[in-house]
Structure formats: C-alpha cells, structure tokens
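Which chain is which? They are A, B, C, D, E and F, in the order written, and residues in each are numbered from 1.
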Amino acid sequence: MSAILPRPGLSLLLLCIWLLLNQTLAPAHFLLGGIISIAVPLLTQSLMPHKLRLRNPVALMRLLTWALVEISRSCFNVSMIILFRQREKVNSQFIYIPLDMHDPYGLAMLSCLINCTPGTVWVEVTPEKHELYLHVFDLHDEAWWINTIKTRYEKPLMDVFEGAADAGRT
Amino acid sequence: MFWFDHLIALPILLPLLTGVLLIFVDERRHELKLWLNAAGILATLLVTIGFIRLIGNGHFNGDTGVYLAANWIAPFGITLVIDRFAVMMLLLINLVAGASLSFAYTRWSRLEVHFHSLFQFLLMGINGALITGDLFNLFVFFEVMLAASYGLLLHGKNKARVSASMQYIVLNLVASFFFLIGIALIYAATGTLNLADLARSIGELQPTQRTMFETGAALLAIVFLTKSAIWPLGFWLPVTYGAAAPPITAMLVLVTKVGVYVLYRLWMLVFASDASSSTGFGSQLLFWGGMITVGYGSLGLLASQDVRRLASYSAVLSSGIMLTLLGLNQAELTGAAMFYLFSSTLAVTAFVMLIELMERVYSPAAQMLAITMEAFASDIGAKGNTGVIIPGAMVFLGLSFAFCAVVMSGMPPLSGFIAKFGIVATLLMLSGDIGPSLNDWLFIAALFTSGLFAIIALMRLGVRIFWATGHGATLKLHLTEALAIFSLLLLCVMMTIAAGPVRSYMDRIGDDLSSGDNYIEQVLNRGAVASPSSSGGK
Amino acid sequence: MELVLAIAIGILFAAGIWLVLRPRSFQVIMGLMLMSYAVNLFIFISGRLWVDKPALTIEPGPIDPTLYADPLPQALVLTAIVIGFATTALYLVVLLASRGLTGTDHVDGKEREVY
Amino acid sequence: MLGVLDIALYAAKAATTLAIVLCGLRLMIGPTAQDRILALDTFWICCMLLALLLGMRFSSDVFFELAMLIALTGFVSTIALAKFLMRGEIIE
Amino acid sequence: MSLLLFILLPFIGSIVAGCMPAYARNRESWLSAAIALCGVLLTLGHFAAVSEQGVLRYELAWMPDYGLNFLLRMDGLSWLFTLLIQVMCLLVVLYAHYYMSPKDPVPRFFSFLLAFMGAMQGVVLSGNLVQLVIFWELTSLASFLLIGYWHHRADARRGARMALTVTATGGLCLLMGVLALGHVVGSFDVDVVLASGDTLREHSWYFPVLLLIALGALTKSAQFPFHFWLPHAMAAPTPVSAYLHSATMVKAGVFLLMLLWPILSGTDEWRWLIGSAGVCTLLIGAFAAIFQDDMKGLLAYSTISHLGLIVLLLGIGTPLAMVAAIFHTINHATFKASLFMAVGIIDHESGTRDMRKLRGLYRVMPHTATLAIVASAAMAGVPLLNGFISKEMFFAEALTVGDSSNWWMAAAALAMGIFGVVYSLRFIQVFFGPLAEDLPKQPHEAPRWMRLPVEFLVICCLVVGIIPAYSVGMILDLAVRAVLTDQTPVYSLTVWHGISLPLIMSMVALFGGILLFWMLWRYGNLRQVSRVPIIHHLNGKEMFEWSQLRLTYLAGRIERLFTTRRLQPQLFLLFCSGLLAMLLLWNLAQLWPQTVLHTTFDPWFALIWIVGAGSAIAAAWMAKFHRLAALILVGGTGIVTSVTFLWLSAPDLALTQLMVETVTVVLLLLGLRWLPPRIISIQAARVEARAARVRRSRDFIMAVIGGSLMAAVSYFIMMTPAVNSISDFFLTRSLSEGGGTNVVNVLLVDFRSFDTMGEITVLSIVALTVYALLRRFRPAAESAVLPRQQSCDFDPANRQTPAEQANSGYLLVPGIYLRLLLPITMVVALYLFVRGHNMPGGGFIAGLVLAVAFIVQYMLAGTLWVESHLRMKPHLWIALGLLLVVVTGAGAWLFGYPFLTTHTAHMTLPVLGEIHLPSAFLFDLGVMATVLGTTMLILISLAHQSIRGHRYSVDVADGYTHHHRSDREIN
Amino acid sequence: MNAAADLSNWLIVLIVFFLLLGGLLIVVGALGLLRLPTFAQRIHGPAITVTLGAGSILIASMLLFSSLNSRPVIHELLITLFIFMTAPVGAMMMMRADVYRKLREQAKEKES
C-alpha cells in the first residue's frame, strides 16, 4: 500500500486539483489524474521528510470558520486604521508567545492563520525557547493576544495535528 | 515531392542529431566522440555533394530546391532553399569544419566538456542560416550559431578568452536586438517574413510601408555588417580572434563569412531587383564602407607585430573586399567574389591553424621583437657560409606558411592570384570600351596595395619567425594537425589547377543571384504534399 | 494608448542604452534586460495595437480574422523572450567568470586607467 | 442591469490598477530593500487580480491559468529576494 | 609538347631534389646537372625548328573564359634566352658542387635553384602575358629564397627581403600593366598583342600601360632608381649571384622590354622613360663600382651599369641598337658569370673578398688569375674580346642619338667606358704585387673541375671576340629577326671596321681609364677608400629600410588611431549606426495625416506605465551602487510589461514573460552573490569625475536620442494602417488543420515549429556552455568569503547547515508549504502542458514551472541535501528532449511528409471516449524536457559555485577582513 | 459582457457588491503599503489585499462564471488555496529578513 500510495491524502488532494483544473469528471481525466496523483508523490516524497497526520478534521473545519470571521474582522479594523488614524497613534509591537505545539504542520497552519489575519505577522519560532516571535500591527493588550493565540488557535491545532492525548497539557 | 527533397533539411538535422547524440556519450570516451563528430561532418559533406549532383542534373526545377518545413506552403510556413550559392557555402563550411575538427583532435577537443556537441550545434546554426528562406528563422539560426560560438570561444577559459567573449557577447546581443527591431519593422511594413515573398512584394509597397521596410533593411544590414566586421563595427574581431583557440578561430572565420553570405543573399534577392534611390545610396555606403575596411585591414596587416593580429586583419581585409564588391552592385562580379571568398577563407583558416604550431615553436614573446631588429640589424650573428639544417616538421611548417602567405597576399601562382586576377579582369571586362569608373579604379588600386602590404607583412613575419630565430627549433607535429593544414592548402592548389571549371561554376552562382525571379517563383509556387485528412495549406 | 505605449518603449530603450553603455558588467546586464523588454514590446506592436479583442483562442467554426489580433508577432515575441532569457543567462555566467578570473567587474576585464 | 456589472468591473479594474500604481510608488521610493520586495510581492498579487478581472471582462477562462500561475509561482521571486537579503545567498 | 619539358623538368627536379636527404650532395648535383644537360640538348634540338617556323606554340586550356590559357611560345629571342639559362645552369651546378661546403644542406639549395630555372624558363617561354607575370613573380620568390639561403646571416635576410619587396612591387605593377594591355588589345596572347602595336600606341591608355610595364621591367633588372637591391642580393652564395644576378634573372626585365619592343617602342615616352633610366643607371653603376672594396660588390655595380647600357640601347630604339642590346646581353652573361665564379673561387680559397686585403694572388692561383684577367678585360672592352664589339656597337648607337647638336649621350657613353676600364683594373689589381699575409686562409689553386666552367666561359669570350660572325652570328640573327621581323637592319659582326669614331672612342676610353685608375691609385688612395665619393648619400638601402619603418610605424599609428579594444566605444558606434539607420524614417513625417487610431486612450494603462517607466529609470539610476534595488526595479518593469501583454489580450506572452521573469530574478540573485562590493570612495570619484562627466553626458544624450527615436518609430508603426499580412491564414487554419484552438501555440509547435526547434537548441547550447564554463571554476578569492549576513553570531541560522535550517531551523514552517507545493506545482505544470495546445501554456511554460518548483527546493534545503535525496540529470533531460523533437519531426517522413509535419491520431476507447493525440504533443513534450533540463542545469551549475565557495572560503577566509556587501549598498 | 443576458438581477447585485468590495480592499491594502511609516507596519497592508481583497474578487468571478456556464465553476478555489499556501511564506521570510537586518545594523553601530 504505502509503496504505491506513500501519501494517500496528498494523492487525493492532487486528484482533486487535477479535476478542478480540468473542470470535468470525464472518466478519461479520472484515469489520467489518477495516474498523475499516484506518480507525482512517488517522485517527490524523497523531498518531503515531514509526514502529516490528521487526527481531527472536524476541529479543523471549526477552526477555519472561526478564523474566517476573525480575519474579516481584523481586516476591517486594519483598514480603518490605515484610512483614518494618523500614523503615530499606531502602536506596533513585537511580542513573544511561548508555544507548546511541535508538529510542523500544526505550526504551518498556525503561521498561515496568523499571517492571513491582517494585523499580525509571524517572524519566527525561536529555536532555544520555542517561542513564537510575532509582530502585531496595533497592540493594545499583550496578554489578550497571547491568550487568544494560545486558546483560539494553538489548542485546536494541537487537537487537529497532535491528537487530544497530548493536547491536554497546556 | 521526391525522396531527394527531404535531403534539403539534412544540413540542419544531421548536425543537430549528432550534437544531441554526443551529449549522451560520456566525456571520457573521447575517441568515440571524435568519430561521431567526424561522421556527422562527413555525412553533411556527402549530402552537400549530393546537392551539387542533383542541381547539376537538373533534378530541382529551376535549379532551386525548396523544402516546406512542417508542410506549410510559403509564405506561411518556413521554407528551406537550396541553390548553388548555398551549396557552395555549405561545401566550404563543412570542409573547413572537418579540417578544424581534425586539428582540434589532439589538444583542444579534450580541454573541456561538450566541445563536440557545441561544435556540431555551431555547424547546425551556420548551415541553417545558409539555407533558410525565412527572415525570422534566419534570426533563430543566427542565434544558434552565435550561442555555439560563444561556447566555443570560451572553450579552454582563460583571462583573455573570457574578457574577449564578454565583448563579443554584448556586441552580438545588441546586434540581435537590432535584428529583431529590423524584422519587426519589415513585418509591419510588408506583413510577411518569407524572403521570396518580401522580394515579390517590395514592388507594390506604399511609400509609408516602403520607408519602414527600408529602415528595417538598414538595421538588418547593420547587424550583418557587424558580423562581417566592416570598419567602425568590426573592432571585436581582432580581440576575439586573438583570444580564441586556433581551431575555434577557424570556425569564427566561418561565422564572419556567413554574415557576408547573408548580405549577398538579401541584397541580391531583395534590392538588386528594385531600383529606388535608397538602393543606390545603400550600395554607395556599402562600397565606401568596404573600401575603408580594406584600408583598415591592410594598415592593420602592415602594423601587426604578432601572428594572431595578422591573421585577424587578413580576415578583416577579405571581408572588406567582399563588401566592396557587393557595393559595386554588379551581379556579374559575384562569381569572382565567390572565388575570392573561397580561396581567402581556406587560406586564412589554414593560417590560423598554423599560428598554434608557430607558437608551439617560438614563444609569442619572441614574436614581439621590434621590427627594427630586422631592419637595421648589423651583420651580427653567425657569419659562416654554411646553412642551418631544418628538421622535417619545420620544413612542413615553413612550406605551409609560405603557401598561406602566397594565397593570402594574392601572389602568383596560387588561387589568391587567380581570384584577384578574376576580379580585376571581370571589372575591366564589364567596363567595356569606356573603361572602368573611378570607383572601379579606386577598388583595383586598393586591391593591389593591400596585396603589397600583405606581402610585406607576411614576409617580415616569416623571415623573423623562420629565419631570424630558427636555431635548432624542433616542433612536435601531430599527424592530424598536419593533415588539417595540408588538406586546406591542397584545396587551394586544386582551385588553382581547376580554376576554369570552378570559376565557371561560381559564375553560374552569379547568374542565379542576378535572376531573383526564379528564386521567388520556385519558392512561392512550391505546392505542399496533399494529405488525405486535410487540404489547402497542407 | 498608442502614444503611451510608444513613449513607454522609448523610455525602456533609453534606460537600456544608458545602462548598456556603462562600464560595470552588472549595469550592462540590467540594460540588456530592459532593452529586451522594449524590443519584445516593439515586436508585439508590429502587428499593430488591439485592445478589447478576445485572446487568440478560437472556437470551432468559421473564423473572422478581423475579430482577432495578429498572432504572428506574438509567436515571434515568445521565441524572442526565450532566446533573450538564454543569452542573458549566458552573459551572466560569463560575467561571473570574468569577475573571477580578472578580479574586476569592468566589462573590459580591466579597470580603466584613470588619467 | 448588465451595464451596472460592466461599470463595477471597470471600477474594480481601476482599483486594481490604482493599487498597482501605489505598489509601484513604494517600489520606487524604497527606502529599504525589503520595502521594495514587499512592493514587488503585492505587485504580483495585483497582477493576478487584474488577470481575473480581465477574464471576467472577456468572460473567457483563458486568463484563469495566468492568474493561477501567478498565485502559484509569484512568491518565488519574493522569497528568493528575501532570502538573499537574509542570508546573502539564496542557494547555500 | 616538348616545350612543356623545358618547364616540367626543372620543377620535377626541384621536388625530387627537395625530397633528398641532407647529406646527398653528389646525387643532388648529378641530378641537377643531368636536368640542365637535358635542357641544353633540348634547346639545341629546337634550333632548327625555331629557325624554320619562327614561332613554336603549345597550348593547354586553363581558364578559357578569361582568355587565360597555359600557352608556351618559343621564338628566336626566347630560344636565345633559353640557351643562356640552360648553359649557365649547367655550369653553375658544376661550379656549385665544389663551391658549397660539405656541411651545407644542399638539397634545399639545388631544389631552389632548379625551381628558379623552371620559373625563368616559364618567363621566357610563356606566350601569355598573365602567365608570364606568374612566372615572373615565381622568379622573385625563388631569388628571395636563394638570397636568404644562409638565413642565419642578418645581411642575407635583409638582402632577400629587399629584393623580394622591390621586385614583387614591380611585379604587381607589371600585372596591372599587362591587364590593362590585355584590355586594350583584347587578348593576353603574345602573338595577338605583338600584332596590334598601332591600336595600343593610339589608345589613351598607352602611357599608363607603358609606365606600369616599365616599372616592372626596371625593378627586375635593377635600373635606377630601383638598383639598390642588387648589391645587397650579393649576400647569396656565389653560384646564385653568378646565375641569377648576372646572367639570367636580372635579364628578365630586359627580356620583357625586348619582347614588347615592337609595340611599345618608337614613341617619345618610350625614349625618355627607358633611355633616361638607362643612362642614369649606366653612369651611377659604373661610377659606384670603382669605389667598392668588396669584389662581389664591384661586380654587382658593374652589372647594374651594364644592364643600364642594355636598357639604354633599347631606349634608343633603333633596330641596330636592338641588335647591340641582344648581343651585349649574351656577352655580359658570359664574362660577368665567369668573373663571379672567379670571385667565388678567390673567396672560397682565401676566405675573403675584401680588395683592401687581397694582393698578389697571381702567385698562388695562376690559372684562376689568368681567367679572371681575361674576363675583366672583356668587361673593360679590350679589343679581341666580346665586350669590345658590343661596346663599340653601343658607342656607334650613342653617337646616332639625335645629331651632333646633343653630344651628351656620347659623353655619357664615353664616361661609362672610362669607368668600366677603371673598375676592371681595380678588380684585377688583387692579383699583382706581393702576396698578402693577413688572409683568413692560406690561398691555393682551386680544384680542376671547379675552374672548368670559368675556363669554358672565358674561351667563349675569346671566340666571340675574335670570330664573332661565325660563333654567334646565327644565334644573334635568329633572335634579332624574331624581335624586329621585317625591319631587321644590315649589320656586320667584325672586329675591324677601319678607323671610325666608335673605335677612337673606345681607345680613348681604354687609355683614359688606365690614366684615371693610375691617378686614383696614386693620389686618390683608392685602395683604402671604402665609400663612393659623391653619391654615397643617396643610399638606396637606407632609404628603403627607412621607408619600410616609416610605413610600418605610420600604419601602426593610424591603426591605433582608428581602432579600439574597449567595449563601450564599440557599443557607442553600434548604437550610432543604428540611430542613423532609423533616421531613414524621417520622411514618414509627411505621411502623418493619413494615419489611423485603433484604440482610445486609457488613463489606467498610462498610470501603469508611469510606474513601469519610472522603475526602469530608477533601475538605470541605481544599477551601479544598489544592485539589489536595481534588480527589484527591473523586475517591476518586467511585471508591467507582462501586464501590458495581458491588457492587450496576449495571455501567452504574459505567462511566458512572468515565468521567465521569475527564473531570471533567481538567476541574477545567484550571480549577484559573487560580484565585488561597490563602495564609493570620494577620492576615486573626484578623480574619475573629469573623464567620466564627459562620457556620461555623451551616453545620456545618446540614450535620450535613441529612446525618442524608438518611441517615434513605434508610434509611426502603430499609426500606419495594418497591411494585409499572412496572419489571417494562421487564424483560419489553426483549428481546422493545426488541430489547436490556441493560435499562438499552434504557431509555435506547427506552423513555425522549425523556429521552436532552433530556439530550444539555443537554450541547450547555453546550458551546456554554462556547465562547461563553471564546471571547474573557482570563484574569486575575495568574493569567496562568507556573506556578512552569515558571519554575524546572533543569527541562529548561522550555527546550522542549510539542511538543518530547513528541517528544524527557521525555514521549518515555510518549508512545510514549499515542500507541499512541489507536487502541486508538478500537477499544475502537467495540466498546463496538456492543455497548452488549446489554452495558454504549452511545453515551454510547463518546463519553466517545473524548473521553478525544483529550484524552490534547492533554495529551501540547499544543494547538498536536495541532491542527496533526488538525483536529477539535466544533461539527460536536455538530450532526450532534443532527441524527441528531432524524432517526432522525422517521423513525418514515414508518411512521406516533410520534416515536422504534424499528424493527429484520433482513437476512441470504450470508457474514456474519444482521444486526440497530435504529434505536436510529442514535440511539445520534447520542448518541455529540454526547457526543464536547461533551466535546471544553468541554475544548478551556478548554485554549485557557492558550495565551492564555502569550501574555498575555509582556506582563504581566516585573517581575510573584507566587508562583503555593506547594507547601505543593498537598499 | 456577451451571452450574459440570462443573469438574474440579484446575482448581478451580488457580483457587483463583491467586485466593489474587493476593489476597495485592494486599494486600501496598497494604500497601507504606501503610507505606513515603517516596514514592520507596511507589511500588514498587503495582507488585506491578499486575503479579503483577493477573496471577494474570486467569489465574484466564481459567481459570474457559474451563472454564465450555468454550472458550478469552482476552480477559483485553487487560486485561493495557492494564495493561502504561498502568502504566509513570503510574509515570514520578508519579516525575518527585516528583523535580522535591523539587528545587524544595530550590531554595526555598536562596533563603531
């Protein structure tokens, strides 16, 4: 199984992409897409050291929907600031947020959410203390941010990627 | 569509295929690479000879073989055209290529990887530029040729070569931009890219379009003149030739000649037919540019202290003479010009290869001796009345040098003399009773003066190299190198002996070029192979 | 519209010329890139200028050529772009080699003696 | 009613163009390299959106591939430049 | 046919001789002697035929269209010269056999000698003027080689160069003259030419022709002012001097004048040109001869003066003068050759030719002395010797010039006679007096056979001098009749004509000469004087060398003035010429009104281009000191360009432009790392300012002009109405016959697939070149140091390898995405490739996208990690791609179609439905593979540099403090 | 806009709304890029453009094409996916480059 399909999820994703690209469900394309989505991972897996384990897709959905709302909200805020507030009133800060999550995919997801949310930009995860180094566009309450990130984002992500077992220790 | 029509594509495909196969061959298997390469050249040569036969036997109607690549009729598809002119050049190119390959065998081809592939690709580019009948395709093949020549120029990289190729590359890139602009202008004016179609449509152009067309043509002319090293645009030539490895320099000489060829082709095809003021203007410009180049080249010859510069200036000189002949704008001269082109190219390439042997014997530093040493040398040195015994390889070297010198300076009896005689005789013949015009006289004078300068320079050099510093010098000469030079010189001798037939064949070229209508007709009326599935264009 | 494009081409070309005439090889390569943009646009407009025409993908059935832009220059531009890319790459590498061998990035391989 | 759509499309196109111009200004004035890189990145995005809008304008999928490709590879030059800035060379 | 032998034998002999080993002296000389002997016999054999038929001809077709055939022709004159050549050759060979030292490489000598003989034969025998010129130049070459035979001696080299330069120049003039002559009379055939003397003399070209031919002849036979090369040619071995420079080669010019005498002579131009040259030469030569100290030098000058005599006779132009000329030619050959040989013997035996040293040789070599004395008596014109008769004829002719009113010719003749006697005496005085002690060698008599040739010649002198009519009468007559056919005069070859003015003159000359010699000897200290009194400072040699040097230096200066080895001026010139070409468009301006507007102004488009142009200008501004910024700005311009393509509904172009843009940026960044830092040093800037300001402003003007011209041109193009182009064809046929809806792509892979083939070949060539160039390339030492960014300690990444950075370091999080993007990008690339034929895309784009996907991996994890996990073989990709393209194209041949003809295979499968597989698809696949391979190869070769750099920096970096790239410079 | 006669008005209204919204957001993002004082702040501007601006345009396009082809046209989702995968990477890299460059400059000032 794993010899042919080392990454089933990836293969599925590729198949979907193929069909989306061709905008068809014709059997010929299923065949072609199938071949491709099996062949490509075989070719590329040697370059992908980290393996993805999805524990809890439902939580992911929930997270995403929440994130969407959050994004639009902060988008509105930032736009307001850009448009109407004079620049020296803006209080931009770098903040450190200690992280417990170690799964690279989890971190990646987190970074995506954070960066896609206007107003926050991910700098890096410090290697020594494993803290998230973050830049906030308009900071009023640092504690609030840390709290939000850890509860709203990190915990669900740990559920999703590292499983509930070790998600408990926060 | 007969079987032999398919041959027309081969001068391009054979080198390409050979080059590709050569990529597969591992670098360590040098012999195999060499043989593959040689086989490719040999095959091309055979095809060329086949063309000569086919044209001679009138297999191509109108003596012009037309090939519709991808089976699209002209002017829509890309056509390849074979006529005597192209065949002659193909012959020359591949002969010289063979020689320079055999010369490069012992040393240069082992220096770096992919020498052989680049060599074949260069041939592909040159052959393509010779036989294509489409303006933009010409550009593409020029780029193939140039890219390969960059690669070969950089071959065996050292300081001089790299900085020389910087110059060469930048100049050629800018020239290529001009090329593209020119093509765009011509397309904007005429709405076609096919040479024959251009020649046909030039008659019925509106004034606006005509102006645009002429501008484009002028830009193209600049490009080709740069390639053929006309005076203010040809300074790259001595630098480049001075730096490149000798067999590569031989190939670069060919590249220069391709520029001349294309000029002749386009000029004779498109402009010779139409008699507008701009044509006259252009030919005047060409003539004077050529004259200046001749002067520049001969002065350079006289002034040059080392062998390489001498070789490059003689190349400049020969293309200057070709350009002037074109500028005289008489199609009957083409035969003489072709003969001259042949013999001078052979001689210069052979000379270029000799350079390395000379440098092998005498350090270049020794060549940089001031000429005063020869001029006012008091009778120092050994005085005894016994000569120095010259080793055999040196005899070969000296003799080939003498041959080259004789051909390059147009001294009797070798082909150089025949060529110059042919030019002057034709000029006088054409002038009839009224006698040649002032321009003709000027050109003749330039021809003779340049010959004299060449004699002086070459003699000085030969005396200095072979007589003044030749004490017990020994030369390691490999058979292949000797073979290369020998064959080239042999060709010169054969051209001398068979001067009559060769010259008359060249004159046929002149006739072909002067009757452009035949070319146009053959290309445009060529029908495609009808296919069962589709009709019309296919 | 024509005027805008013409001026644009002119400016690109001017910048290109200026840079190509500079002594530093990096400037030259920048100039070459700019010039190639200009030249590509120039080829493109040699089929005249058409806006609000559909792109050159045709539906089956009879075609009215007047509805479409001129495809040939586009093909030429594509080829030109590729060749330009290739030569730029080559020039860049030669530039590096020359810088490595001669120790300077002057186009002549040696600094111009100041007098 | 369709006229409204046309107007809206034109407005969107205008807006995108305006955005492009703003990015261009930032691109030119800099002042630091990372500003320019950021401007370039945004530039790419705007191009993609422009492609989408044109696709809607001509109601043809032709422009879709373009937009998708920009979305997929537009960031490459960004990260290359950023890494050069960060590490001094992009392939170590 | 037999005439051919005269030419072939020597040349064959020369080749054979050249191939012989160096020690084979006997074989050599026997061979040469045999050949010469055959020649002599052949010549004698032809006597009858020539005397009967007058002219023998032999013709071979060579270049008939140009009236240039290989034509041999023998009449009396050429027979005479043939005889001269052959006999002399025989004697000289015999002589040389003893003369040349055993250590000499004689093969070279003899082969050159025989070659010369062949060439000389060619000159006298050719019945075609162009052919004559050919052989003429060959004699010059041969003499060059023979003079330079002892090329380790500087004087030999110089003499050879001088001789060749002068004679070859003359040869060129001769050629031109001959061509002009041929044009006038319509043929190069000597007989035709000789027949049409009047047409020539009437023709307006007469004088130029005469001048050019005369230049040829005079240079060859060393006439004033070209005489200076002959004395220097004496550096040759004595046999050569005897053969070439007294008997034969120098006579070639005379021969030519004799040959063309019938058509050229008889005009005032002829008389003045030839006559005056003769007189000057005669006097100068004779006068200079007196004051030589080298015996050969003396003989050389006397040769000059005797040649002058002959030329003068020809110039006088009366038939009798012609007779005298021919007769004297024979006589001079005989006595001068014998004298040379005698000198050779003396030189050979006593080791010197210096007349200041030599004395009293009679005691040790009586035979040689006697011979030499007799021969020089003949030279002096003593009665009962052949010189006397011809000289008397000369006096007679000199008297007839004009009438008594101008006596100067006679005076000149008399002076020449007197001088002749003087230098003859000077010559023979070496034999008298006590024997000199301080000679290099102890002189003794020469071997028997070495003297034989001399003896033979001297006997000839005597015989001819005593019984001229019976000895040379017939030969002379033959030659004379050949030249002046019907106007042959009556002349008597007798010693005694009774007391006549010529006789008195020669007596006066004889005794006056003796007197003058005695006076010079006694008071003039002739013995020690070593330079010619009055005329020493018109020294031909000095002038020659001086002019050569001047010429060279002048040429050098001009060449340096009009050339450049630097790039920028060349580019400037190139642009100038381009702009000039564009100025041709000026008259488009009149056609302004009839232009049409296709489009309406669009402010947004203008806005975009404000950005594009602005960033272009900014890039131009910053490219020197802020490379990165310039790069980014150029990227911005590129994007604007592709937006333009997009705007003008050319998505393919936009796509390609963007992808190429991306790859180029990566490429340049890879290169940027190795460029040297550029930090403005105020001082340098100030110093440069003066020179640079001019340059900058110049370039700026050029840029502005060029840009505006380009703008104008493109505006005009867009304004002029579109012509009906070939593009409609493509639109209509694209789907129906090209089988694709995307016209541009169909153009690329079908209509103009040949272009595409060439294009990917260019790519492959470049990639291979880059690989070959960078394969063993070491980056420059100072640039190999780590970038500043990697040498600061607070960046954790600097403590990690690239792989660690990617797998656990700061690149971990981005890496997730980048690695996930690889397969996705591959799928997209495949999609683009498949759809390319109908939608924008195609093989090229797909290849680029793939390449970008891989490059991203390299950027992420570094070269080493990627290549340890995935081996890609770019060479293979390139080769396979090209191969696929070629094979696909050639596949059309199987169906009898031309190369690259596309063919679409339609098949219907049960489940999958109908499937179209055009062969263009395979072609496109090849394109994709090639593009992928090339891009990867280029980028990877560049990337490997930095590995090498790192490895290298370890060795060099320590202690190497070098601010790599200051940050001020980046932004 | 051809062959689009059968678009229902509420759909058009929807599309128009998203188009205008998108355009507005795009401009705002670019404006932020232009007028914010420091890089660290400027980088927040484009985030708007990238996320919601692009998003709404994509939605508009999806709606439009779906209604034109009278079948769900959802391949704009791909673009969304790609954007969400690539935008963060770019942002992270740029931000980190900025941060460390600032650090280097401070270090340099300390030296001198």
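FYI, a residue touches a chain if its C-beta (ideal position, glycine included) is under 8 Å from a C-beta of that chain, and two chains touch if they have at least 3 such contacts.
It should be emphasised that the depicted structure is a prediction, and the values quoted were computed from it without experimental measurement.
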Chains touching both chain C and chain D, listed by label: E
Target chain E, source chain C, minimum contact steps: 1
Farthest chain relative to chain F (centres taken as mean CA coordinates): E
Chain whose Cα centroid lies nearest the overall Cα centroid: B
Comparison of D-E and A-F by number of C-beta pairs in contact, larger one: D-E
Approximate Å spacing (C-alpha centroids) for the pair chain A, chain B: 64
Whole-Å separation of chain centres (CA-atom averages), chain C against chain F: 30
Chain centre separation in whole Å, for chain E relative to chain B (CA means): 15
Sequence positions of chain D contacting 2 or more other chains: 14, 18, 20, 23, 25, 32, 37, 39, 58, 61-63, 68, 72, 74, 79, 83, 85-86
Multi-chain contact sites of chain A, meaning residues that touch two or more partners: 17, 21, 111-112, 122, 124
Shared interface positions of chain C, touching two or more other chains: 20, 42, 45-48, 54-55, 57, 72, 79, 83, 86-87, 90, 94-95, 97, 101, 107-108
Of chain D, residues touching chain E in the complex: 13-14, 17-18, 20-21, 23-25, 27-28, 30-33, 36-37, 39-40, 43-44, 47, 50-51, 54, 58, 61-63, 65-66, 68-70, 72-74, 76-77, 79-81, 83-92
Footprint of chain E on chain A - complex, ascending: 10, 13-14, 17-18, 21-22, 26-28, 31-32, 36-37, 40-41, 43-44, 46-50, 104-105, 107-108, 111-112, 122, 124-128
Residue ranges of chain E touching chain F (in the complex, touch as defined): 788-789, 792, 794-795, 810, 813-814, 817-818, 820-821, 824, 967
Residues of chain D that touch chain F when the two form their complex: 1-2, 4-6, 8-9, 11-12, 14-16, 18-20, 22-23, 25-26, 32, 34-35, 37-39, 41-42, 45-46, 48-49, 52-53, 55-57, 59, 61, 64, 67-68, 71-72, 74-75, 78-79, 82-83, 85-86
Chain D-facing residues of chain F, complex: 1-5, 7, 9, 12, 15-16, 19-20, 22-24, 26-27, 29-31, 33-34, 39, 42-43, 45-46, 49-50, 53-54, 57-58, 60-61, 64-65, 68, 75-76, 78-79, 82-83, 86-87, 89-90, 93-94, 96-98, 100-101
